[in-house]
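Here the structure is laid out as C-alpha cells; the discussion comes afterwards.
So that you can tell them apart, the chains are marked A, B, C, D, E, F, G, H, I and J in the order they are listed, and the count of residues begins at 1 in each.
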C-alpha cells in the first residue's frame, strides 16, 4: 500500500508500468485469453494478474499512472469479434469510456483481427490478466512519454 | 478458466491449495500485512494474490475447494486487534460467517496476538494477499483431509 | 486433495489446466511417446505425469475441468497408426467414448500422421504422460472457453 | 519405458532410487500427507509422484529394485493411527504383505507416532506420493546394500 | 516514467516500496555504508540505488509514497556518530526536516549505535543506497499503514 | 545400487534412458569426441559419463535396458573413418557384436560421415561419454518401443 | 567508493565499463527511452542506472574511464528528433561539449533515425539509464582501445 | 583428453582437484555409500563419478596430481568395518598400497567409525564415487601443499 | 581496459572493490590457500583471481583504489607461520612495504593464527587468489571510507 | 595447485581444456579484445582469465596440456592487423615460437581478417583473456586428439 496509488496496482505491476518506456505495449486481457502462453513470449515473460477487476476497471487503474502514446494514431487496440470486425461489445464500450476519461478527450480504439492480435500481443512488454469474464475483453495499450517540467 | 472452479482461484493458487496437505497452514491477509517479507519464509516462498476480493470473499472462494482440519479445536485463527484481544472487527465477523457457511456448522475462529501471528504465519505453507483494505483482515486456515470414498 | 476434484489431477497439472487459455493445446500420450524431448519444446517445458491411468481415464479426468474448443471443427486429434491412417485402435475408441461422454454429444476425433503429430505436439502448451501401455494412445486436446454467467 | 522395469517407476523416480545409498530413507505416502511441505526439507527437495497406485502397489514396485537395510531391526516403518498406536489398518496390512513378499521372509513394520513421523520424514532422501486415498498409508523405507558378486 | 511519480523512484524501488508492509524496515544509506554485504541479508537481498540524490532528497522521494509507522515511538532512526551519540550532523538535520515535512508534524528521529545499526539493518526489508557523500547519512524507516477509505 | 541393474548405469544415466521415447537418439562416444560442445545442443544439455568402460561395454550396459527402434532400417550408426567410409575399426566390430548379442539377431550398423555425424549428434536426446581411448568409438542408438503385455 | 573514481559510477557500471572491449557499444539514454525492453536484448541483459544525473553528466562520468573508438568516423551517435534529422537539441549540445572535453578535440556526434536507433541499441553491450527528463537524451558510445605503455 | 593426464580424471574432477586447497578433504567412496545425500552437504554440492574404477585405481589416479597434507599425522582415513575397528579389508589394503606408492613412503591410513565417517564426509570439499562394488571402500584424503620452486 | 586503472584489476574485481563498504574485509591469498571452500562462505560467494601476480603486486594494485580503514588499529592482517607467530616471511615483508607505500606511512600488519585466519576469512566480503607460490602469502584488508570533498 | 600442472592454469581453465574435444576452438586474446561479448556466444558462455601472462606465456601454458589438431592445415590462427594482412607483429612472432616449441616442429600460424576473426571466435568453445597489453595478441587454437596407448 502506497499513498495515492490504487491498491489494485500490485508491486510487480507497478514495477512493470514503470519499467516500460516509449512505444512499449501492455496487453490487458480477459480470463479466457491464452495469457500464460502469450506472456512467456513477451519481454516480462510471465503474466501479471489483477484478478478482481473487470477490463474497464483495470484499464482505468493502469491509466491513472500510465501515459498513452501520442506519436501514433491509436494508442489503444481491441480484439475483433471473430467474423464481425465492426461489432463493438459492451466490454469494449466500457473500456472506450475509461480511455476517454483518462485522456480527457475522445481517443478512438482501433481493432485487430483475433490471430493478428495474438501475434501483436507476443511482441508486447507484458500481459495483464483481469477478472473480466465476458468475451473479447482484450486490449493493447502503447506507452507514451512524460514531458520534462516546464522550466 | 475451468469448469466449476471459481475464476478468482488463479492457476498458481490452485497449485498451492492442491499441494498443501494435512496440517499445512494458509495465511489469508489484508493489504497492509507485511505479506512479502512473511511469505519468503513460508514453504511456497512468495505471496499469492487475489487482488480484487475482500477477506470474506477470498476465504469463501478458498473453502469451496479446501477442507478444514477436524483434528484441531480451531482450524481458523484471526489476528487480534492490538491491545483489544476480545474485539471482533467487521471483517472478522464476515469471515466467521463465510467459514460457518462453508463448514455447514458453527466453527469458532480462534485469536492470536499480532506478533505471535507473524511468527505463526512464517511457518505456514503460503500467504494469500487479498484486496481487503480494512485493518485486521488477517487469518490462518489449517488444511484437513478428504476421506476415501465409501466402499 | 481438494473437494470435488479428481485426485489424479495433481497440483502441477491443475496449475497447467488453469493456466491454459483459448486455443492452447494439451498433449495426452502413452508411455512410449518421446514425451520429454517433445515437452521441452512446449510452453510449459517439462512433461506432466499421471502414471497410473490409461489414456481414456486420463482424458476423462482432464475433461472433468477442461472445456474443449468450439471454434474449430475437431478439438481433439489422435496419432495415426503408421501406414494405416484409417485404423482406429482400441485405445482410440475408448478415448472417443470419454470425449463424447464429457461433451454430451458426438465429437469426432481427427487424425494426424505420426511425424506431423510430433510437430504439432511441440507447439502445444504441455504434454501429459499417462500410464497407457498400448501403442497409439496419443492425443491433442484444444482448450475452449467458459462463457460468462448469464446476467 | 525400459526392458524389465516396472513402468510405474518413472524417470525421476528411477534416478532417486539409484542415487540413494546405504541408510538413506524413502517416504511413501498417501494423498492427504503434507508431501510438498515435507519433501522440500528432504535431500531431493520436491515430491515424486506415482499417482495411480495404492500404497502397497507402490511399495512393491519400489522394492522390485530397492534393497532394504539389513543393518537395522526394522527397515520399514508406518505412521501410527492417532491415539491408537497398536491399530494396524487395512492399508498397512497390505504393505506388510508387499514387504514380506519382496524380502521373501517376514519383515515386521515398526510404528512411529504422527508428529514424530513428520520429523523423521523431513530427514529422508525423498518423498514419493502415491494415489492411496485411504488414511494412514504412510511409510518410511531405509535403503540397504547390494553385495559384490561372489568371486 | 509514470504520471505523478518522482522519476528518482525507479521501477525496482517502486516494487520494493509497494511490497513492504506494516512494520517492515527500509534502510537509506550513504556511499560509504557496507550496503552490499548488509543488503544480502535483508529480505530483498540486493541493494537498490538512487545514485544521484543526497540522503534528504532520497528520504523525501520515498516519503512521497511511503507511510511511516504510527504504532511505534520513532518510525525513523539514524546511525550515531562513533563516540558521540548526541551529535546530530548536517545530513541528519536535513533528513529530520524532510521527515517533518512529509509527516506534517515534528517526528523526532531516534539514534542507534554504529554496530547495532548494522545488525538492525540486516533485518530490514531492503537497503537503498543514495549518492550522499557525507558521513553518517544512514537511516532506517519503518513502514506504516494506509487506512481504508472512510465509508 | 539397485537390484539387477548394471552398476555402470549411474542415476542420471538411468533417468535419461527412461526419459527417452520412441525415436529419440543416444550418442555413445569415445574420449576424443567433442562431447561437451555437442551435448549442450542436445535435449538433455550436458554430457553423461561412464568413464571406466570401453565403447562395447557401454553399449552392452545400455542395451540391457534400452530397446532399439524396429521402425527404421538401422537403429545404430557409427562415425566413418575420415576418408575411408568402408573401413570398420576394431572398436566398431566389438560394438557390432554387442548390438547383435543384445538384439539376438544380426543388426547391421550404418555409417555416417564425420561432420554429418556431428550434426546428427546435436539433434540427439543425450551424449554418453565412455572411457574408450581408441579412435572412432562413436555411435548413435535410436530408441524403440516396449509393447504392452499380451492380454 | 574508490580512490579517484567518480562515485556516480556504481559497482555494476564499473564492471560493465571494464568488461566491454574494442568495438562494443554503450547506450546512454533518457528516462522515456524503452530501456528495459531494449536492454534485455543487449549483451548485459538488464539496464544499468545512474538515476540522478542528466545525460551530459553521465557521459562525462563514463568518459572519465572509457576510451572512445578511434577506428571509426563517429564513435558517438545521437537519436534524431522524429521528422527533424538536422535539429540538435539542448541536451545533445551539452553532450557534444562533454564528448569534446573528454577527448580534448572536436569529436562530432553522428545521428541515427529513431527506429534505427532502437535496432542499433539492441545490439549494444549495455544500456545505461540516466535521470535526464528532457526528450532525445539518447546516445550510443563505441569503446576504443588503451595502447600498451611505451617501452 | 589432455597430454599426460589420466583420462579417468574427467573435466569436472580436474576442476575440483585444482580448486581444493590446503586442508580440504576429498571423499572417495564405493557404490553403496550414500554419496548423493552426503555430497549435497559438501562444498562442491554434488557427487563426482569415476564409474569404471575400483577404489585403489581411483585413489592412484587422484594422487597422480593431488598432494597429501604433511601437516597432519594421517592425511588418509578409511571407514571402519561396523563392530570390527581393527579389521582391514582387501579394498583397504589395496588403497594402502596405492597411497604408499604415490607418497614413496609408508603412509598409514587412520580409521573412523561408520557414523563419524558420515559426519566427517559432510564437511569435505567433495565426494568422488568409484565403481568399487566391495564393502568399506570409503576413504577421506586431505590435500596438502605444493612448495614454491627452489630459487 | 579503462583509463588509468591497473589492467590487473579485472571487471569482476573492480565490481567487488567498489561494492565493498566501510568495515568489509578482503582476503588476498596465495595459491595453496583453500580459496574456493573459504570463498563460498563469504559475501561474494566465489573466489576472484589475479593469477599472474605475487601477493605484494596484488596488494599494491588493490590499494591503488581501495582505502584502508582508519577506525581500527590494524587494517591489514597476515596469516602466522604455524608454530612461529613472530616469524615474518619474505612475502609478508614485501606486502608490508606495499601497504606502507600505499598509505604513505608505516602501517604495521597484525598477525592471526592459521585456523583463526580461516574463520576470519569466511566472514570476509570476498577472497582474491593471487599467483603467489610462496607459503604464507595470505592477508586480510579492511576497507575504509572516502571523505566527502571539502566544501 | 596440482603436481606438475602450471599454476597459471586455474581450476575453471583446466575444466575447459579437458572438456574440449576434437575440433573445438579456444580463443586466447589480449586485454583490448571484446572478450566478454564474444565469450557469451561461445559454448562455455563466459570468459576465462589468466590475467598476469602475455599471450605467448599463456599459449605455452595451454599447450603444455592441449594437443593441436593434426587434421587441418593450420591449427592456430592470428587476428590480422587492420589493413596490413601480411604484417606479423612482435606478439605474433612470440606466439609462433611458443607454438613451434610446443609442437616440436614448425607449425605456421594462419591469419584471419579482424571481423572474420570475431565471427570465428563466437563459434569457439571458450575465450581466454590474457594480460597481454600489446595490440593484436589474439589467436584461435583448434584442439586435436590424444592417440590410444600403443598396445
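The criterion applied here is as follows: a residue touches a chain if its C-beta (ideal position, glycine included) is under 8 Å from a C-beta of that chain, and two chains touch if they have at least 3 such contacts.
Here's who's who by UniProt: A, B, C, D, E, F, G, H, I, J = RbsD/FucU family protein.
Being a predicted model, the structure only gives us computed values, none of them experimental.
Student: Shared touching chains for chain B and chain H?
Tutor: D
Student: Which chains, if any, touch chain B and chain I both?
Tutor: Joint contacts, listed by label: E.
Student: As a quick test, compute the distance in whole Å between the mean CA positions of chain C and chain I.
Tutor: Roughly 61 Å separates the two chain centres.
Student: Hey, how far is the Cα centre of chain D from the one of chain J, in Å?
Tutor: Chain centroid spacing, chain D to chain J, equals 53 Å.
Student: Based only on mean CA positions, could you tell me how far chain A sits from chain C in angstrom?
Tutor: 32
Student: By the touch rule stated above, which residues of chain A touch at least two different other chains?
Tutor: Touching at least two other chains: 1, 7, 10-11, 19, 21, 31-32, 36, 133, 145-146.
Student: What pairs of chains are touching here?
Tutor: A-B, A-C, A-E, A-G, B-C, B-D, B-E, C-D, C-F, D-F, D-H, E-G, E-I, F-H, F-J, G-I, G-J, H-I, H-J, I-J
Student: Could you pull out which chain A residues touch chain B in their complex?
Tutor: Counting only chain A, the residues touching chain B are 1, 7-8, 10-11, 31-32, 36, 49-53, 129, 131, 133.
Student: Which residues of chain A touch chain G in the complex?
Tutor: My answer: residues 19-24, 43, 71, 125, 143, 145-149.
Student: Using the touch definition from the top, list the residues of chain B that touch chain E in their complex.
Tutor: The touching residues are 31-38, 40, 82, 118, 133-135.
Student: Mind listing the chain A positions that touch chain E in their complex?
Tutor: 1-5, 7, 9-12, 14-19, 21, 64-67, 145-146
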